[in-house]
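In what comes next, subunit A is part of two complexes: it sits with subunit B in the first one and with subunit C in the second one.
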Partner chain A sequence: MEKQEWKRVLWKRQPFPDNYVGDSFLRVSKKCKKVSLSAALYGATAVTPEICSCLGLVVIFYGMSDSKMDSSVVLTLTAAVGIIGYLITRDHLAASIRNDAKVVCFYVVLIACVSPVIKSLTGSVATDSINACTTFLLLLRLVVHDYGTQVAIVNPTVSHNVGLFASVCLASRLDSDLDVFTLMTVAVALFALLPTFRRRCRSGLGRGWNLVLTVLVVGVTGSGIIQYTPHLLLVLVVALLLCNCLMPTLYICCQGHKQNIYGPWDEAQIEDR
Partner chain B sequence: MDKEEKYISERKKIMDYEEKIRHIICMVSDFFYPNVGGVEEHIFQLSQCLLHRGHKVIVLTHVYGDRRGIRYMTNGLKVYYLPIQTFYNQSVLPTFITWLPLVRNIFLRESVTIVHGHSAFSTMAHEAMNLARAMGLKSVFTDHSLFGFADMSAIVTNNFLALSLADVNHCICVSYVGKENTVLRANVEQEKVSVIPNALDSLVFRPDPAKRPRNKINIIVMSRLQYRKGVDLQPDIIRHICKRYPQVNFIIGGDGPKRSVLEEVRDEMGADRVRLLGAVPHAQVHSILVTGHIFLNTSLTEAFCIAICEAVCSGLQVVSTNVGGIPEVLPSHLIHLAYPTVKSLSQKLELAIELEISGQRVEPWEMHSEARDIYLWGDVVRRTEQVYHRVHRHQASSALTHRIPRYKKCGVVAGWFMMFLVTLQFLLLKVCDALWPAKDIDLAPDYPTSFWSCGNGNVDRTRHFHQKSTQAALTAVQYYRVKVFGDNKQRNQKAGSWILYSLLYILYC
Partner chain C sequence: MLGCAAVTILVPEQLCSEADHLLSGSFTSSQATYDGKISHAVVITGVGREFGPHLGCINNNRHHTRRKPESSVWVELKSHPHIALLSVTMQDRNIPLSDVNLVIYSATEICQSELIDKKFPCCYAGESDHHANDIVPYLIHCVQRDCSQQIHNEEKNMCDRFTLCVINMILVISWLPKVSLQYINSLLMSRLEYSSTALRQILLRISQVEKIQEEMKENRKILISGRLLAMIIMDVLAGVSIACAISSYASVDDIYSSFRSCTKVVAEGVHVLLEWLSGAPAGLKLNQPLTKALASFFSYHVHLWRLYLELAEPVLRWLAWVVVWVGACGASAQVAVLADLLDLATLHLYCFYVYAARIHMLQICVLESQWRAFRGRKWNPLKQRVDGQEGGGSVDSLSRVLTTVLLTLSLFLLPTTTVYYLVFIMLRIVLNVSRGLLNLAVWLLNINPVFILLLSAIGSTRIKGDIYFASVGEGARGSLKHAPLTPLLLRLHTWSTPLNEILSSTHIQDFFPVRPVPHWSYILSSVMFGQDLL
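Entry: the complex of A and B
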């Protein structure tokens, strides 16, 4: 009796029963990308500067509202850092400087105009509510911020808006128009300009430099907290431990349970053009 | 040798015996006529062919607008439109027990032996199959779709499917990919899953080269216009091809949420280059297919794809994405397979156009004669019958003590939940047995069948019959129907079925 080989086709009549299990059956690719602990720890450092940014805003707010910080100094520093960062990141400086200058002017005028409005915006709201609201918004910003991964929860628009909204909440508790203007400018710098700069650094610089930069950012934030708002130190420490030690370890522990099966039945993805 | 002969003769005896078994099959699905679509078409055609082979077939579905109660379709296919409201996407709300008395009554009235559920999305199918098992009947399930594993909805659906199929007697999938998918998703044993492809009416889908324009090349696209069908790929392909070949036009049939994407490109290229036909009823598909030279399918996922078979059978060159079960469907010289990208699809389309221009393509009639006999309804029915015979032979106890352990493998939470439901179902069945004993339930009379000289109709006759049924009967279905309002109107039903019967007789003479 000659033995015919089974083929995985439907158009050919084959001398096998319909429930025959061929040898090509279930050749699926189980895509399990293992992430090493060091990679997980390094990946977590993408979140660290973002936590520092949020806390930094709060520190500056407290510094100004307690009159320990001079708003004009803060403004000058922000402007100086901003200009240096701008010079570093722009490749075609001459071509884009006109447009960029326009945008900056627009922003400055806009913030200056709305500063008095912001100042009196939440006069009838209790300070506790404002604090709670700010905390919630900043946490939301941390959750939906774009750290460079392709997941559904990431939403750069929401993260940007939520960050600015949190700074509006805080700014509305300040006393002078200049303070409000300063805090809003700092918020724009921290939430709109800094992340792009950081993303650029992350892709351009090596691992070592990135770690150095992250440590530097943490150091600056930490010293600011100690000097102006020592009661926030615990928050910083807990947040950093949680994000840089606990979560990566947990991820490594749990990734063995992750089992995703891919096969020809999956919907094909249309690639972006 | 002696042993082998003995085995063969014994096997033959069994087969002869099985040939004589008359199954009473109850098809259950949320999707049935007047709804249109692949599953609906499949159930209708399969039922017709089974009726023709001498089995008794009834269909259970839910109400569709004013279609409620019992209706008869072509050849006495009895359809129960049960009074259950839909909940989501034409499916009823999964309650597991609420319509147990009603369905029990129907199963007993019709003395059903096999319950055949269709489509993983159909709640009714799952619940009826489960009830069938509880009542000691056999259940068969046909899966028409593919599912991923990655997202949340897939995880939930797969769990429900695993629960539902834990106690099913046999599954049918339309392609090998579908089988793998079902085995993985629902945790069914591999031997319990048969692969039986879909079929088409090859006598309807015949080439008609005279209908095609001589100096132009028409590319036909025919699908529901939705994301899954890859409509987002089409605009760029159309732009590319239209610019490159001035003699090539596109004809696009179908409707759906992505229609605006194509309207945009039509306005850009001109209505004479890109024609949008809107929704096309299945009866007219053939007349549109024959006006084209090339058929383009851009689906992103597909369990079987009957559309490309219809196109090949009508003598068109087919360019298709290589996804799901499509590579299994046709031999490689009848189809151009491409990756699901604009670039790859355009390349294959250009290849097909060049072949068309140079006249080197496979001739339409040659294509037809090759594709004609691959997917026949007669064949599908024969193979489905094998499955029915198999489950008929199969001894799977439906006692509660045997059913419960089958759900244990479904996980801690889901498994125990299901065990609870099955026990509840068992108790309710006992209550029903006490309130409405089976012996008090009238048996429904069979539809008079002597004219069809049924018994074992051979494959050819099934085919011949089938062609008639699609053309004449599909339209007739709506008009020759009888409503029955309940047990006390049995006489009505009889009179009605006789009127219907004589009408159909006139029709077929």
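Entry: the complex of A and C
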């Protein structure tokens, strides 16, 4: 008999008794959006290039300190890649070419002046402490990096600054001023300029192209590791497996247990924008 | 009002065994607020004077009284063998003796006491405002007024005159030095922000002598001027004896050469310290380039200091002579000059401390601001709080790179500069403590209370500041049946004020130096942040 739905209004004559409780009575919203496996796997590929950048920095450091890499070659390579990236994204940039040139000049002068000071900065600290410190700082960078989500733990300033801090710690172990300058430039390119480029790519290109780019980055890093620091290969493999295979499956499995119900009894959430 | 008597008569004990004379003094009356009874107080201050309102007479022989018609109060006393009251007449009415209090006081004690009017102040404007309820202040006011009128008519004695002469001479001689020293002092304070202890002490001494002269001219109070005079004499004796002792052991040249060798030892010690710091002090591993740079900078400074000492030789020679012979101004001046010499001799250590403190302050500032910027926050000066940077996003990479670089540099260089800062601040604190001890010695020499202690030891009347009443025994005089008809007989005694009250009342702030007290919060904030200098 009661075919019509019970509505939560007082001005309508409804055939239900006064103390009827319907389904929509509590205005409950279930806040779990089910995520599919492919979406989770695709999302996890945003973390992979960051892991590769961090490991790439360590590879370059080891290469230069073992004198297997020539610092001027690295420097020219970085400059070339930087210019190419700048030319590609020039349309989107707000500032003029003159401003950007000034900024680049300032970077160069600053890092060149600071290099000799950095060279002798950690002379009194043990190597093991430096290694532990750098590992911890790079992990911190990966944790608080902005991957495109809006979570409270994300702090792009901290991730950027911590990455540079780690690179200063590493660079203080090198021997010549040019080496220090090179490593700092590479760090600035990897941690300050590349994330913006990557974000633009991810939003601009389609899924397929993004996957291709990710595989390319992993390949380059892998070859670098094999050539210069073979002992880090295991780290790379474990990190990639953890990040790309284990974590998404775990997330999908545990999704079913998430039962968040939000209703009018919750505290008001103030948007801090 | 004493008891419920209508009239209180206060009589000096000097009247005992006086001949028949007229009595003079003053009287007042007031009405009690609660029951409307009028009470009177009559103070007898003098006997045998020709002028002034006469209030009564001494009538030993019981002959007919000569009553003055204009006075409304007439008191008749008997002075042989004891002081006793014969009759009291108020406004043509004879008051029954049982309604009268007779208080005997000692005029000399009240005249000479200098502290009694502080304890019982008589703060009335004119005669008509006096209240008979406040008998003691009224008594003190009348007696002391009478005393000062008598003293005006007397002359100063020879001793006072001689002291005043000597003091005037000293002030005239010291006028020119005082003006020049004041000028130098103000110059030092305004240009270099340095307050010289020796100049302050000498100027203080001159102002103390001026105060003595002012006090001695004005009135008969000797507490303050006596304290200052005794203190100055003791100080000068101590200073002259020290000067004679020093000059009998060594000549001025010897003193100067020992001073020079002292400063050489200090310079060598600083050099050794700097060498130690540029290595690995106490096993700490410092940043080598930085510590070598700082150590060489400070060593060069020590080298400049040694040059300065050699150039300033004649001035220092003269200063050594001054230290010994400024004892003529007092031992406190010698100690003060010693404190100043200590400052001069360790000027280079003060410079080092200033450099180290400024570097430390810079580092703390940079660390604090860059640590905030590192986490993406900034200081909002409008609201005086730290803000997050959510809505910002306009911070470009360049400032972030700069922040990181600055933070890293400051963080890793912090131990080195902190070690230097700690070393120099320890030295500075040691010097400040010794300077504080010397200032304390100057203060102690200046607040010498030997005069007051002497006065209280001999029980002088000048320091009696308190009053109590005692009843005089009636047992021997009069039998019981006369008891209701005799007046209440009391005696006013004086009592010494406690020592600390005398000392605090004679301690005038401007004429004694300030007690050196460490300000702990200032010291702590200066050590932590390096902004204010010790």
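Operating definition for what follows: the second predicted complex is superposed on the first by the 235 of 273 C-alpha atoms of A that agree within 3 Å, B and C clash if a C-alpha of one lies under 4 Å from a C-alpha of the other, contacts with A are read in each partner's own complex, and residues count from 1 in each chain.
Heads up, the rule we're going with is that a contact is a pair of C-beta atoms (placed from the backbone, for glycine too) under 8 Å apart; a residue touches a chain by one contact, two chains touch by 3 or more.
It should be emphasised that the depicted structure is a prediction, and the values quoted were computed from it without experimental measurement.
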{"item": "Touching partner for A:73 - first (subunit B), second (subunit C), both, neither", "value": "neither"}
{"item": "Touched partner set for A:19, first subunit B, second subunit C, both or neither", "value": "first"}
{"item": "Partner chain(s) touched by A:268 [first = subunit B, second = subunit C, both, neither]", "value": "first"}
{"item": "Touching partner for A:168 - first (subunit B), second (subunit C), both, neither", "value": "second"}
{"item": "Touched partner set for A:11, first subunit B, second subunit C, both or neither", "value": "first"}
{"item": "Which superposed partner A:155 touches (first subunit B, second subunit C, both, neither)", "value": "second"}
{"item": "Doubly contacted residues of subunit A, that is, touched by subunit B and again by subunit C", "value": "273"}
{"item": "Subunit B-facing residues of subunit A, complex", "value": "8-12, 17-19, 21-22, 25-26, 28, 260-271, 273"}
{"item": "Complex contacts: residues of subunit C adjacent to subunit A", "value": "285-289, 373-376, 389-391, 395-398, 400-405, 407-409, 412-413"}
{"item": "Partner subunit C, residues of subunit A touching it in the complex", "value": "103, 106-107, 110-111, 114, 117-118, 120-125, 155-158, 160-161, 164-165, 168-169, 172, 188, 192-193, 272-273"}
{"item": "Contact footprint of subunit A on subunit B as seen in their complex", "value": "146-150, 170, 175-181, 183-184, 190-197, 228, 230, 232-233, 236, 300-301, 303-304, 321, 323-325, 328-331, 340-342, 374-375, 383, 386-387"}
